[in-house]
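You will see two complexes here that share chain A, one where it goes with chain B and one where it goes with chain C.
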Partner chain A sequence: MLLQVENVYKSYSKSCGIIKKEKLQVLKGVSFKLHRSECLGIIGESGSGKSTLGRLIIGVEKPDNGNIFINNTNINSSRGKSIKKDVSVVFQDYFSSVNPRFKIIDIISEPIRVYEKLSKKDTTLKIINLLERVGLSKKFLSRYPHELSGGQLQRVCIARAIATKPKFIVLDEAISSLDVSIQVQILDLLKELKNDIDISYIFITHDLTAVTYICDRVIFFHDGNIVEQVDNIEDLKNVKNDYSKNLLQAATQMNVREAIYENQRVS
Partner chain B sequence: MDFKDYKDVVHIIRDISFSLKKNHCLGIVGESGSGKSITCRAILGLLGKNFNIEGDAFFEGINLLKADKRRIRRIRGKEVSMILQNPMTSFDPLYSIENQMIETLVENLGISISEAKPLCLKAVEEMNIINPKVVLKKYPHELSGGMLQRVMIGIALTLKPQIIIADEPTTAVDSANQIKVLKEFANIKEKYHTSMIFISHDLGAISKVADDIIVMKDGRIVEQGTAKEILNSPKNHHTKYLIDTRKSLVDRFNYIIK
Partner chain C sequence: MTRKLLRNKVVLVTTSIILITILIGAFAHQIAPNDPNEASIINKYSRSSDEFPLGTDHLGRCILSRLIYGIRPTVFLSLFTMLCTIALGTLIGVISGYSIGIVDEVIMRICDIMLSFPSQVMILAVVGMLGVGINNVIFASIMIKWAWYARMIRSMVIKYNNKNYILYSKTIGTSRSFIITRHMIPNIISEVIVLATLDMGWVIISISTLSFLGLGVQAPTAEWGAMLSEAKNVLSTNPSQMLAPGLAILIIVSAFNLLGDGLRDVLDPREV
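Right after this comes the complex of A and B.
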């Protein structure tokens, strides 16, 4: 199993006033699996705990209870460090995920330097190759983040994420801040990468339409719990849980065909 | 309202003209950086001195680009309401929703606090918010983005402006709540006879509320017409591109749930 999340709990202490401290239980016993070469969607509204789950999976935070295994190794055990390389992450906020004073070449070379011993020339060649993979030319090498559009910068973040040949990438609202037109381009790029290299995705989002575009399976996440799981995305219309049905209905109303313009005005 | 505008040095907006008809909703669509926000801020005199604006923008016979500051500020408070992308930044985190609504109404309508109170409740009720009395007592961080945005619309409507300008009002809202916000916008025209400018990068959102559509790209208008014309028979290739990309996203969804 590529990734196995077992009964994971996470809480944060929230300070109420000065003395009283209350616990905010964010994840309440979450279990699921990620298979090889699949895209698993995790959908839920904001505040439901999706990003927290993402942070536990990439190992920057630890669960209070429960375990996370990547290739059967507990990521929080002593052997866990060696498998950090197997997972990458791409966030919603592409601009604050990169150092504004670094050129694109330095941004992408960071993880390569950590995990591989390459000569300067080979590193540059590798980066040019990665840029081409994500649809950017080598003229971007010496540019700074502010000289790129949102979509271009997110492509750079994806190039950085695949630089270490991870087994899977956590995409946390990775397209949510982009224009619809650019969202489609990035989703197409992710699909293409998945065909070319052996990689899986955990696609975290609040947008069910994007889920149907790219995911093979989807988990409905509500208030720190998995409330429903759809193992074949084509069965989406058969969801049973009220919360999942609500999300499906809202997305259906948003997506009524533009061609029948007269019928689709909301009222 | 007619609008003609020309900006210098770095040309941000080049020679655009459009009009907003009474009791109509004008949708402005375009990718980020195409000049949607700056166009509206120019009309409302919200741009700094380093912007050089040429042209005219008439609101009921008054040229907004030439009128004196005080007059424009009065129009901005009373006649034209703005609704922005991130509802969280429009609210003060330290005050309850009700207190902020009261303050806004007292200031802009010149009424007393006791007169404002029932208006607040009515505004929230009109937005189809469940438990309106409970919601009024809450603080901004206790409400979802979609809920806050609907409260914003409620406040804007209570001021009974002639024009509402909404700049990406659904972009920061969870997609499940976007449709609710859009429904409130669609209702505004029916109930209040308010005219609207609705800005979004998302043709899907625009198509739910707009009567007329302007398509912007690189500071220019590349196509304009009725919503029906633009959505059903686009002429410009950029308009077609915006429609096609959204269509490819939505087609897969519609295929799966059919």
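Right after this comes the complex of A and C.
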């Protein structure tokens, strides 16, 4: 089992006034599993807690209750440090994902520096290799983030994410702020990487189309709970839960409308 | 960045004024025409001449030389004060920003206390308690200023701690020292430098004021505030004595203030 999330609770305290504090329960007992080399989609509306779940999985925040295991090691235990190598993350906002003062070469060398003691030359070679993997040439090495387009920068983020050879990557709305043609390119890149280097994804999104494009399994997330789990992407039409049905219907309607607009525009 | 700094005329002019001042201060020995402390009563209040380009004061000392030697306590001690303030503020701010909870709460309440005193009164109180002398003035200035920086840096640490690139670094287990030295500090410094430059003017005025009141640099050391203080005694008979030190303070303080404004224009990320 690559990743196992067991009955995880998380709440944030919201202060009202000076002393009174209100608890805001974000995750209410979430459990699921992720197997090797599969892509798990987590879909839900804004504020449903799916991004919080992502932050718990990458270990930057601790759950109030429950455990998260990666390769059967609890990530919040003292031995949890060693499995940090197996996790990586790509965020939605690519501009804040990279330090604006770093060149691309510095950005990608950060994870390499942490896990491998390579000479400067080897590091550069490895970075060029990684950049080529994600479809960028080595002329980007000495550029700054603001000199790249959104799609290129997100590719850099993906290159950085695979630099440590992680077992799985959390993609937190990783394609949501890109335009559609770039989205498809990035999804294709992710698919290709998955086949090549045997990697798993947790694909957190609100975009059903992207989920059907890349994911093997889907979890519907609503109000801090998993409301439905679809183990076969082909069965996506047969969801039973009301919330998932609504979500699915909304997406289908939007696609139909889009098609109509498209027809009108062309004719 | 450098090119942008050079293109900004205000920054260029003020930086050169400050750099030239600092250089003159550093090589005061070679540049000053006379010994700043050599009194000759015969020559007192003399007009500008080849020997004394700006004339002499009430003890017949060369005003220009005193002005040049005065750069050392005025500008250098202010720089020193500022550096100590920033160092202390950064240290406490970083500790506070990282340790959310009781430690943070305690440090912030201490900051609130420090910030609630009017600064000049506080300095006078500290100097009054510890005694007269430039060391105590510097100590007092640091003591009341650090809280401003600690508070600002704390909020920046919290802000940057939630930036995605630092979240990424934490995810893959980058060492904390790398995160602080490579991600945090460069970002924080560029924001702090603006405030620090603006505050330099304040510190110069503060040290000069206290020297003027006789609490800071002691005679016969040349210091602009102290020179003003000596000149004020003869304000009615020889008003021109005030001009040189007064203008010197005016120019250097305005230079620092304008540099701060200019830097803010250049470094403001919203303009990038």
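Rule of thumb we're sticking to: the second predicted complex is superposed on the first by the 256 of 267 C-alpha atoms of A that agree within 3 Å, B and C clash if a C-alpha of one lies under 4 Å from a C-alpha of the other, contacts with A are read in each partner's own complex, and residues count from 1 in each chain.
Here is the rule we use: contacts are C-beta pairs under 8 Å (C-beta built on N, C-alpha and C of every residue); 3 or more make two chains touch, one makes a residue touch a chain.
Source: prediction; values computed, not measured.
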Q. So, does A:K85 touch the first partner chain B, the second partner chain C, both, or neither?
A. second
Q: Classify the contacts of A:Q253 with the two partner chains as first (chain B alone), second (chain C alone), both, or neither.
A: first
**Q.** Of chain B and chain C, the chain that contacts the larger number of chain A residues
**A.** B
(Q) Per the contact definition in the header, classify A:T52: touching chain B only (first), chain C only (second), both, or neither. (A) neither
Q: Considering only touches as defined above, state whether A:T164 meets chain B (first), chain C (second), both or neither.
A: second
Q: Pick one for A:I233: touches chain B only (first), chain C only (second), both, or neither.
A: first
(Q) Applying the document's definition of touch, where does A:S149 land relative to chain B and chain C: first, second, both, or neither? (A) first
Q | Residues of chain B defined as touching chain A within the complex | A | 31-33, 144-145, 174-180, 182-183, 186-187, 190, 201-204, 207-209, 227-228, 231-232, 241-243, 245-250, 252-254, 256-258
**Q.** Residue ranges of chain A touching chain C (in the complex, touch as defined)
**A.** 55, 58-60, 81, 84-85, 87-89, 91, 93, 96-101, 110-111, 113-115, 146, 160, 164
Q: Please give the residue numbers of chain C that touch chain A in the complex, ascending.
A: 163-165, 167-175, 178, 182-183, 186-187, 269, 272
**Q.** chain B-facing residues of chain A, complex
**A.** 45-47, 149-150, 179-185, 187, 206-210, 212-213, 233-234, 236-237, 246-248, 250-255, 257-259, 261-262, 264-267
